[in-house]
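In what comes next, subunit A is part of two complexes: it sits with subunit B in the first one and with subunit C in the second one.
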Partner chain A sequence: MDTSKPAIFVNGGLLPMHVRKRVRTVVQVIGSDRGAVIGKSTDDQQLSVKGTPPSVPLTNFVEVIGIADSEKSIQAEIWTNFGDTFDTYSYNQLCQLANGECQLLFL
Partner chain B sequence: MNLTEGAIAKITSGGATAAELKPTLQVTELKQVHTKQPQQSDRFRLVLSDGSHLQQAMLGTQINHLVKDGNLRPCSVVQLIQYTCTTVQGRINFTGSWHFYASWSAYQQPSPMYSNTGQVAKNDAPPRLMPISALNPYQGRWTIKARVTAKGELRHYNNPRGNGKVFSFDLLDSDGGEIKVTCFNAVADQFYHQIEAGKVYLISRGNLKPAQKNFNHLRNDLEVFLESTSIVQPCFEDDSVIPRQQFNFRSISEVEGMDNNNVVDIIGMVSSITPAASIMRKNGTETQKRTLQLKDMSGRSVEFTLWGSFCNAEGQRLQNMCDSGGFPVLAVKSGRVSDFNGKAVGTISTSQLFIDTDFPEARRLKEWFEKEGRNVPSLSISREMSSVGRADVPKTISQLKDERLGTSETPDWVTVNATVIFIKADNFCYTACPLMSGDRPCNKKVKNNGDGKWRCEKCDQSMDECDYRYILQFQIQDHTSITWVTAFQESGEDLNFSKYEKQDDESFSKIVRQVLFSKSVFKLKVKEETFSDEQRVKSTVVRAEKANYSSQSKFLLDMMEKFKSGNSAPVASNTESTYPNSGANSIGIESSGRPCGPLGSNQGGNKGYIARKFGSLPCEVGQHGNQYSTETNIALGFLHLLFLVTAVVLLAIPQQIALVS
Partner chain C sequence: MFSSTQFDVTSAFSGGGFMPSQSTQLTDSAPSPAKSRDSQGLVPATVKQISQASHSGDEKSSFVIDGVDVTNVTVVGMVFDKAEKVTDVGFIVDDGTGRIGCRRWVNENFDTTEMQNIQDGMYVRINGHLRSFHGVRQLLAFSVRPVTNFDEVTFHFIDCIHTHLQNSKLQLQGGASIQSHMVESSVNTPVRSGSNGNQTSTSIQLSKQYSVDGLKDCDQLVLEYLQQSSSMGQEKGTHIDELCQQLRLPMEKIKGSIRSLEDEGLIYSTIDEFHYKAT
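This part shows the complex of A and B:
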C-alpha cells in the first residue's frame, strides 16, 4: 500500500480545516455542473468535486481522493465507485474520530 | 355481643345449615394436631362453646394463618360464616371459613377474611354435592359433580417397587374448584374408558390425600385417589353450569418475574412461528420442537416452545395460519416457565393449547391487536434469536481459549466475526450414508466394502451409491487469534461451497479461492473432546453468514462510546464489552505458529489486498449474493477495518497509541 501520500478523512464540516491538503471523502452524487460533480457529503453538505471522472459511469456513492482547493471543493485525482448503498452514518463517525480523538492513529 | 346459645345443638342435630345459621361461638381450646405425613399442612383442633354446649371442630387449612398470626386464640370469639358438620368416628367437625371478632380483649370490627361460597353438605343425609374446594380428609362421604378438563394417558411405569400403570384426570366444578384424580393399576383400567374429556361426572367414595406438587399443577392441596369401590357416574344434565375450562391467565410481563419451573396459563397473539426442528434430548432420543413468539397487551413478548406432539398438531395449524397472514390467538393451560435465554415458556405433558377460541380474554386481545398491538413493537423477555447467533455479543477467538469454552459438560455456542484464512484441501469430504433415518439422512460415514458397495454401520445396510458430504477444515482468524474449525455440508454451503457434483479440481480451487479471506459471522459449537488420550477443544461451524459491515461498524462505534463514557483508564471491562477482556497480552501476536506480525502490517496486509482492487473496477471478485453491490461491500469492508483498527487499539492498549505515532 502506498503510504507516501496520506489523505485525511473528511466530511463536509471538516473539509475547511484541511484546505490545500490531501483529503479523501465519500460523497453521494447529486448532479454535475460545468465539469464538476456535485456531491452530498456524509454530513449533508454540498461539495463540488473537480477533475476528470473515470470513463466508467459513477455509482451513487463515490470516494474521491485529492487536494482540497477550497472549503467546499476538492480537486480529485482518484475516483472510486462505492456502490449504490453506503452507511453514511458510520463513515461520518469515522471522519470525526479520525480528526478528533484518534488523529494519531491515522496520520 | 352474645354467643348464640343452643346453636351447637341445633347444628349437630341437623336442624340448621351454614346458609341459615351463622352462630357466634367462643374458642375454649386450641391445639395443633400432629399429622403423620410431613407434607401435609398443620391442622388445628379447637373446642367451641355456645354458652351451653362444647363442640370439637377442625379448622379448615385455608384459615390456618389465623392461628399462626396469633389472631385466633383460646377465648377468641368467632362467628361461623361457612362451615360443614360431619360425623367422624362419633365426633363432629366444623371446617371451613369463619369471620371472627377480635381476640379476647375487646369486640372490634370483624375483619372479613376468606369467604367461600358454595353449598354445604349435611352428613347423614344421602350424599349431596359438595364444592371441590370444600373437600377435606376428614370428610366422610362426599360427592362432587365436575367436568373433566384434562384426561391423561394410561401410563406404564417401572420403579423399585415394581411395575404398574397410572391414569389421571383433572376436574373442574361449577364454583371453579379444581382437583386432580388419579387411579392405579386395576382401578386405572376400570375407569380409563369411562372417563371422557369434556364430560361431567359425579364422583364419590374416593380417597383424599395431599397433592404431589411435582405432578399436580392445579390449585388444590388435595388429590383424589380412586379405588375399586369408588363411584363414577356420568351426568347428563346441567351441562352448561360447569365451565369447560378454567384459566388463570397471567400477562407476559408477570411471567418475567416468575421463577423457573413455575406452571402458568398464558394467552397471546402469535406474531411469528418457526418450522419444526429436531432436537436431540439428553437421553439420546430425538424430539421435535417449534418456537413461536407470543405478544400480549402488557407490551411484552415471550418465546413459547412447543415440544413433541404439540409441534405437529397445533404447531402445524398455527404455522398454516401465520403463513397465510393471520395472527392467531393462542391460549395455553399449564405451560412451564424456564429461564433459558431470559424467560421463556414451554409445553409440558399436561399442557393444553387452545387456538382462536372465544374466551373473553381472546376477544380482548384481538381487539387490542387490531387497534394498536399490531404496530407496537413489544419488548421480548426472551433473548431474541437474532442473526448474530444465540450468544448476544460476538466473542473474539482468543476468548475461546482464555475462557476455556467447551470444557464444561455441555457444548458452548459462540459467535465470532472472523475471516477464513486457510482451507485444508485434502480430505474435504467424506462418503456418507444417504439412507433416511427418521426425517433426516443418516450421514454416517460409510466404508467401502471392497466389492463396489458401501456399508453403513448405523443403518446396517449396504448400498451402491453414497452421498459425498463436505467435512471442511479451515482456519479462521480475527484480530485476536486464530483457530481451526470444521464445517459440514450445510454450513459449508453457507460459505458458498456448492454441492459437490463431480471431480473437478479447477472449479474446486476456484471455489476455495473465493471463500478464502472472506469475512463471515460464524456460529460455532465448541466442545472439548478426547482424541486418544488427548483433550482437545473442537469447534464446529453451525452456521456462517456474510458479515454485515454496517452493523458491525455500528457495534464497534457503540463499544467505543461505552468505553469513552465508562472511564478514561484502560481496560474498562463492563460485562457487555467482549473485546478488551483478553487483556493487555497479544493482539494478533498469538504464538500459534503463524507469524501475524505487529498489528499495523497485518491489517495493512488486508487493506493492501483490498486496496489493490480499488484501482480497477473489482468485477472479478465474484458473486457474494448479498444485498450490497461488490463495490459497496468492499468499501464498507474497508470502513469496517478502519473501525476495527481504531476500536482495538483504543480499547486494548491505549498506551501503545504513543508508539504508533
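This part shows the complex of A and C:
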C-alpha cells in the first residue's frame, strides 16, 4: 500500500492553495494556446493544462492529474477523457468537501 | 446442482460473497455505542481510509473503518501494472488517495473474460474482499468493471463521504458546519431514527443528528458528554445543569434522557440525584 502521492481534488478556486502539489481536476476543453490546453474548471474559471495530451482526441470533459505549477495552470502527467457530458456541479461540491471537513478521507 | 425438491439459498450463493453476512449478526440486547456495529455489505472506501483502518479485535481477517466492521469494500480508481498469471491476475489500483494491490482469481471463463477487458490506465470499479497478507493490505477482487460513465467517479467519492459521515462519531462537532457543504439535501436526513422528522428542538446540532443503536439523539448527546467527562477523570460526575448548559437542550429533555439512560444501565447517579456518570 502506498498513500504517499495523493492527488488533491481541486477546482479553479482551490488550485491556488495547492501550487507545487499533486492535484486532480476535471475541465471542459475550450481551446488551446501555445501548446497548452485551455479548460474551464467546474467553478467556471479558466485553467491552462500543459503537458502531452494523449494521442486520442480529447472529449469535451477531461480529467487531468499532475503538479500545479501556478495558480492557474497544471503540468499534467495523466489525461483521461471523461466524455462529452459530465456533472460539473456535483464534482465541484466534491472538491469542496474533499478539501474541507472530509479531507482526512483523501489526504 | 439445482434439485427440484430442495434449494438451499444460503449454500447455493454463499460462495459468491454477495449475500450480506448472516451468521455474524449481533443482536443489540444491550445497546452500546462504543462497540462496532454489524458487518455491512459492501462499504465504499478510499485507499486512504483502507490504509488507516484498524483490525477488528483479535481477528486479523476483518477491519474497522469508522467504528464499523468491514470485510467487503468497493473502490473506484485507475489500474496500473496489470500482470496476468495462470490462476490469477494481479494489479494495482490508484484512486488518487493512494495505491493498493489487488488480485483477481480467475477460476471460470467469466473471470478471465472480465479481466481481459481491463487495461492499464483504465478507470474501474472494484468490489472485493479486504484482507491483510503478510502485513500488507490488499483487495481480493470478485468484480472488476470498467467505468463508462465518469459521473461514477464523482459518485463514488461522495458515497465514501456519505458513509463516513453516517458511521463516524464526529457528527457532534462537525454537524452544523458540514450541512452547509452538503451536495444534496437528502444526505442530511437521519437514516436510522424514525422519530427525528417530528422532533422539535432548540439546538441546531440536534436537528440533523444520526442516532446509533436505537438511542434517541438527545440520549446519545447526553451519553457522549458524560462519557467524555468520565474519561477526563471527573469523579463526582456531571451536574444536570451543566448538561443543560453545554448541550443547549431544555431541562425536560435532559431529564428524560437521564431516565432512559439510567434504565438502560448506561449511566448512574453519584453524590446526589443531580450528578451522573457514564458506566
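Just so we're on the same page, the second predicted complex is superposed on the first by the 103 of 107 C-alpha atoms of A that agree within 3 Å, B and C clash if a C-alpha of one lies under 4 Å from a C-alpha of the other, contacts with A are read in each partner's own complex, and residues count from 1 in each chain.
Quick note on the criterion: a contact is a pair of C-beta atoms (placed from the backbone, for glycine too) under 8 Å apart; a residue touches a chain by one contact, two chains touch by 3 or more.
Predicted model only: the values in this text are computed from it and were never measured.
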Overlay on subunit A: subunit C relative to subunit B, clash or fit: clash
Which superposed partner A:27 touches (first subunit B, second subunit C, both, neither): neither
Which of subunit B and subunit C A:84 touches, first, second, both or neither: first
Which superposed partner A:7 touches (first subunit B, second subunit C, both, neither): second
First (subunit B), second (subunit C), both or neither touched by A:64: neither
Which superposed partner A:100 touches (first subunit B, second subunit C, both, neither): second
Comparison of subunit B and subunit C by subunit A residues contacted: C
Which of subunit B and subunit C A:56 touches, first, second, both or neither: first
Subunit B versus subunit C as contact partner of A:74, first or second or both or neither: neither
From 41-49, 455-463 or 635-643, the subunit B stretch with C-alpha clashes against subunit C: 635-643
Footprint overlap on subunit A, comparing subunit B with subunit C: 1, 26, 61, 63, 80, 82-83, 86-87, 90-91, 93-94, 97, 101-102, 104-105
Touch list for subunit C against partner subunit A, complex: 46-51, 78, 96-101, 121, 123, 136-138, 149-151, 153-155, 157-158, 160-161, 164-165, 174, 177-178, 181, 183
Interfacial residue positions of subunit B with respect to subunit A in the complex: 549-550, 553-554, 557, 560, 604, 607-608, 611, 614, 617, 627-633, 635-636, 639, 642-643, 645-646, 649-650, 657-658, 660-661
Of all residues in subunit A, those that touch subunit B in their complex: 1, 26, 56, 59, 61, 63, 80-87, 89-91, 93-94, 97, 101-102, 104-105
Subunit A residues touching subunit C - in the complex, by the definition given at the top: 1-7, 9, 24, 26, 61, 63, 65, 78, 80, 82-83, 86-87, 90-91, 93-94, 96-98, 100-102, 104-107
